[in-house]
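Shared between the two complexes below is chain A, which has chain B as its partner in the first and chain C in the second.
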Partner chain A sequence: MLVIGEVHTGLLQNSGEISEPACRQVLGLMSGETVRVSRRPIVHALSPERLTGVDCALPAASGSRIRGVGTVVSRCAVTGGRVAQGSSYVRVARSETDRRLSWSHYLARPGVVEVLGKAKAADIAEGFAGDGAPRGHGCLDLTAITGRFLDLVQTSPLLNRRAPFRMPRTILRWVAETGEPSIGFTLHTEQERSLRLTHPGPFTPAVVDLCEDLAMHDWLLTSLLVVVERARVGATPAAEVAARLSPAVDHLLHLWMPAARVEERLTPFWESLERRPGFSRQWRSLVDRVRDQVAVHTLALLSANAETGGR
Partner chain B sequence: MTPVHATFGEVAAERRIASVPLSHVSVELGHLYMEDFEAGPARLREQFRRVAPWLATIRSVWRERVPGGRARVSTCFLVDDYFSRFSTPAELVPMILEAAAEHDLTIDYLARESACAQFEDGRSGAVELARLVEDRLVDDPPPDTDGSRPPVKETGWLCNGSRSPLTTPLQAMGKARPWEPPTQNAKRGHSIFVDVELWDERGARRTWSCPFLAAVWQLLRLGLLRAEGRVPLPPVPLEGAWPGDWDRLPAVVRINPQAAPFSAYTTLSVLSPRFLPVELAVRTILSQVAVDDEVLRQVAARSESERVRLEEELVDRVSYVFT
Partner chain C sequence: MLVFAISDKGGTGRSVTGTNIAYRHALQGNDVCYLDFDFGSPTAGAIFSVSAVARGTRENGLHEYLRGDCPQPRRVDVWAESDREGLRTRPPGAGRLMLLPGSEGGGELSALTEEVVGRCVQLFGRLEEEFDLCMVDVSAGRSFTAELVLAATVRMPAVPFRWLVFHRWTRQHIIAADGLVTGTDGLFDVGTRFGHDPEVLRDRIRFVRTAVLEPDAAELVGLRDEQRAWLSACDSELRELAGRHGVGRTTMLGKVPLDPVLQWREQLITDEDVLASKIANVETAAAFDDLAKKIVDDNAWEGL
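Here is the complex of A and B:
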């Protein structure tokens, strides 16, 4: 019917970026499973996937009670040794019966939640990712599940928990369906975003990669905006502005690699978001602003030095 | 110039899952505990006498089921060297093989139970199969499990439903709640609630329970386990004579060089009815093990290619004769 998922993105709770072997240890969430690492164009480490069993109501905009039984897939990722993500999703499918079956039935189709009884895909999609969707008690809580997995990484004893700056996690809720290609990205609150995706052909995990990639870049953009805002350019002395901007230079600016890990057939989705609203355009302008401020400050320092040297 | 299509790959970024050769059925001819050993060779002969007709039956069933009648049936025998160490391979194995031969049975593979917990040798490195399976347990969720809280776990236990709420008062003055029954999640009318102890710990030493190791044993025979993408504990032929120490014996020994593959689409165990409670526990565990998606697909594709219809749920691939 449809796939719903959630991606939580945050700054890794460590003073500096972590090495590739450390990524492997932090993300080793399951014995006997390897952490997958790609090094080009940016180091990206992905944990093995784990399942969580659920038997509960699914979100529904109409408020009708839709019961779903099955498993949620979750995984974590660390990009550039610096950005941590937790990601969960379920494929929602119709059940062939109206009653709950033995658990082994659901474990034979990992990552699928079967709907017992009637349900409309649009109702679930709107209930999950719509604005102000009422999320009742006892309804599938992907936020809690994803948050727990990200916590596993963030509380790893290998991390020193001294992040260079504080930045809240962002939550991206996404819904993917098969159909004519379209993409809709909405900012809700400071931390919440939603993504509606219609892709040609059946769902594949590449769609999850795309959502994670978008979530990471949205977080980078959000964080850089916050850092620049906190620097209070023009209202604070240049030296202080430069000092406040330096964490961005140290930890964020090199991480922008849009669509780096997105399957080729899905890159048009990224490209369309680049046209409107233009993620990279905004990023470049912010980066320029940061660099200009730092440059202005450096020039000021140089000329001050020259002056004192000339005396 | 026409656009150039570039491909780029990184081995560490890909997930490589080895495949395993598969028979149609793996028949467990017996499982030897110390008490059986102490009862002497007569107990073993009696076991093989009871098993022999069932092996013949299962062979003929699969010959009919497989197109062309080329059924691949392998036999195995498990020796408990985990809960108690007794005798030596040099002394014990020839006796087992001899008793089997008296009833025209060939034991293709001999396995050590301790290898289902953990095993280490130069060939395989260290493999902790029990930990690996424990990490793949996905608890059967009672109704209204929405993920908002972590699964309710009693450490070291696994059940098929919701346990009875605590009825004893926490404080001396508290009022005891009346007893409430536990419930089975997938009950049909009435519950059959099962709660299985997976392990216990004394100090730092963890002892896995017999049903848990038996569940690992079933998964190994079904060829559904992978460690770092590789097939764990592949059978190896014995080099030289049977050693005088269990630790010098490989985890799974291929005794018969002509044997069909050790792992199989399905398993059959011929057991005494006294093992019935153990096997109920094994099935409770197996129905909560999430096997790797890729491995499930490999096995499904293979069975389809040779037109063998396989049960979708893995507990349904495990069968027994209690005799």
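Here is the complex of A and C:
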């Protein structure tokens, strides 16, 4: 029917970026299974996947009660040794029967939640990702599940918790369906976003990679906006502005690599978002602003030094 | 940084001083959240002038969250939701100021279970990721709430925390504040039992004197010489007593003068109250401002 998922993104709670071996350790939440690492064009480490069993109501915009039983797939990722993510998704499928089957049935279909009874995909999609979607008690709570996975990373004893700046996590809720290609990205609150995706052909985990990649870049952009706002360019002395911008220069600017890990077949979706709302365009203009401020300050310092040196 | 506000006695000025410190810290450009863990009487909403949560929130309060009855506690953006004109817009350069209200009619915590401690750890961990300062009103005296906080912080060794013990400048209050820290079932006692290193814990506790009337205060100008001499003698006696009880100058982070406005009403002291309407004293605002700087100034917290 459809796939729904959530990606939570935050600044890794460590003073500096962590090395590839450290990423492996932090993400090795389960012994026996290995962390997948890709090194180009940026180090990206992905934890093994874990399942959470659920038997609960599914979100529904109409408010009708839809019961789903199955498992949620979750995982964590660290990009550039600096950005941490928790990610969960479920494939919503119609059940062959109207009653709940044994757990072995559901465990044989990891990441699938079967709907008992009638349900419309559009109702679930809107209930999950729509604006102000009512999320009642006892409803499938991907936010809680995903948040806990990100907590696992952030509370790792290998991290020193001395992050260079404070930044809220962002939450991206996504819905993917098969059909005529289209993509829609919506900002809701300061921290919540939603993504509606229609892709040709059947769902594959590459769609999850795409959502995680988008979520990370949205977080980078959001965070850089916050850092620039906090710096109060024009209202504070240049030295102070430069000092407030420096964490962004040190920790964020080099991480921008849109679509780096996105499967060829899905890159048109990124390209479409580059046209509108234009992620990279906004990013570049912010980066220029940051670099200009820092450069102006450096020049001022240099000329001040030259003056005192010449005297 | 997590900062826990506690006092031995009720009515010492813990909430009023704690909220004003949080407010000043936000004005200084930091992102701040204030957690009302005074579950018996969650009144922080009233001090921030958010009437919708003046006595706590009906839904998704901190108490409910800790009991596991809601996935996340409600957040109130003070800059957006305060009823006070002067608070309703975020001043330029100020950080976020978020109130996490208690539950209306929530009642004291009745027990300390593994689940409750786990939820508290999750809450503190996530807020600390996001805010420069998390100020927690732990309520008065020895309580499950204080134990909860001690149990939670021992599980997050990398997360920095500090304690502020509020007390008035009287014999009884000085002795009681010392007792709360060093006495039976006091902070050291319980903290050590839960696995805190007593030496480390000691370095993370400072005292704050509230509603202090200095012998040379303007309020005392009309006094007779005999009265002034008597007050002065009292004050030095108290200073000597405080020193003996480890509540003296070295362990004191700061003091807040008695302010007529606060004597009449629990509220935030804004610059407008001081400069425009002139109802509050400059010294009071300055004391809050100073404390707001000192809570994060490592020099003020160096080992004794």
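Some notes on this structure:
To be clear about the criterion, the second predicted complex is superposed on the first by the 311 of 311 C-alpha atoms of A that agree within 3 Å, B and C clash if a C-alpha of one lies under 4 Å from a C-alpha of the other, contacts with A are read in each partner's own complex, and residues count from 1 in each chain.
We take it that a residue touches a chain if its C-beta (ideal position, glycine included) is under 8 Å from a C-beta of that chain, and two chains touch if they have at least 3 such contacts.
Every value quoted in this text rests on a predicted model; they were computed, and no experiment measured them.
Bringing the complexes onto one copy of chain A puts chain B beside chain C with no clash.
With both structures placed on the common chain, the touch criterion links A:S102 to chain B but leaves chain C unconnected. After overlaying the two complexes on the shared chain, residue contacts for A:T52 are found with chain B alone; chain C is out of touch.
In the superposition on chain A, contact is made by A:R232 with chain C only, not with chain B. Angle at the C-alpha centre of chain A formed with the centres of chain B and chain C, after superposition on chain A: 100°, rounded to the nearest 10. Residue contacts after overlaying the shared chain place A:S38 against chain B, while chain C stays out of touching range.
Ranked by how many residues of chain A each touches, chain B and chain C are led by B.
In the overlay built on the shared chain, the residue A:R275 is in contact with neither chain B nor chain C. Of the two partner chains, chain B and chain C are each touched by A:D141.
Closest C-alpha contact of chain B with chain C, superposed model: 6 Å. Contacts of chain A with chain B, set against its contacts with chain C after fitting on chain A, overlap at residues 141, 144, 148. Residues of chain B that touch chain A in their complex: 8, 10, 12-15, 127-128, 131-132, 135-136, 138-151, 160, 185-186, 225-229, 232, 286-291, 293, 296, 312-316. The part of chain A that touches chain B in the complex is made up of residues 30-34, 36-40, 44, 51-57, 69, 71-72, 100-105, 107-108, 110-111, 138-142, 144-145, 148. On the side of chain C, the complex with chain A involves touching residues 29, 31, 71-72, 92-93, 95, 122, 125-126, 128-132, 156, 158-160. Of all residues in chain A, those touching chain C in their complex are 10-11, 13, 141, 143-144, 147-148, 151, 154-155, 157, 159-163, 166-169, 230, 232, 235-236.
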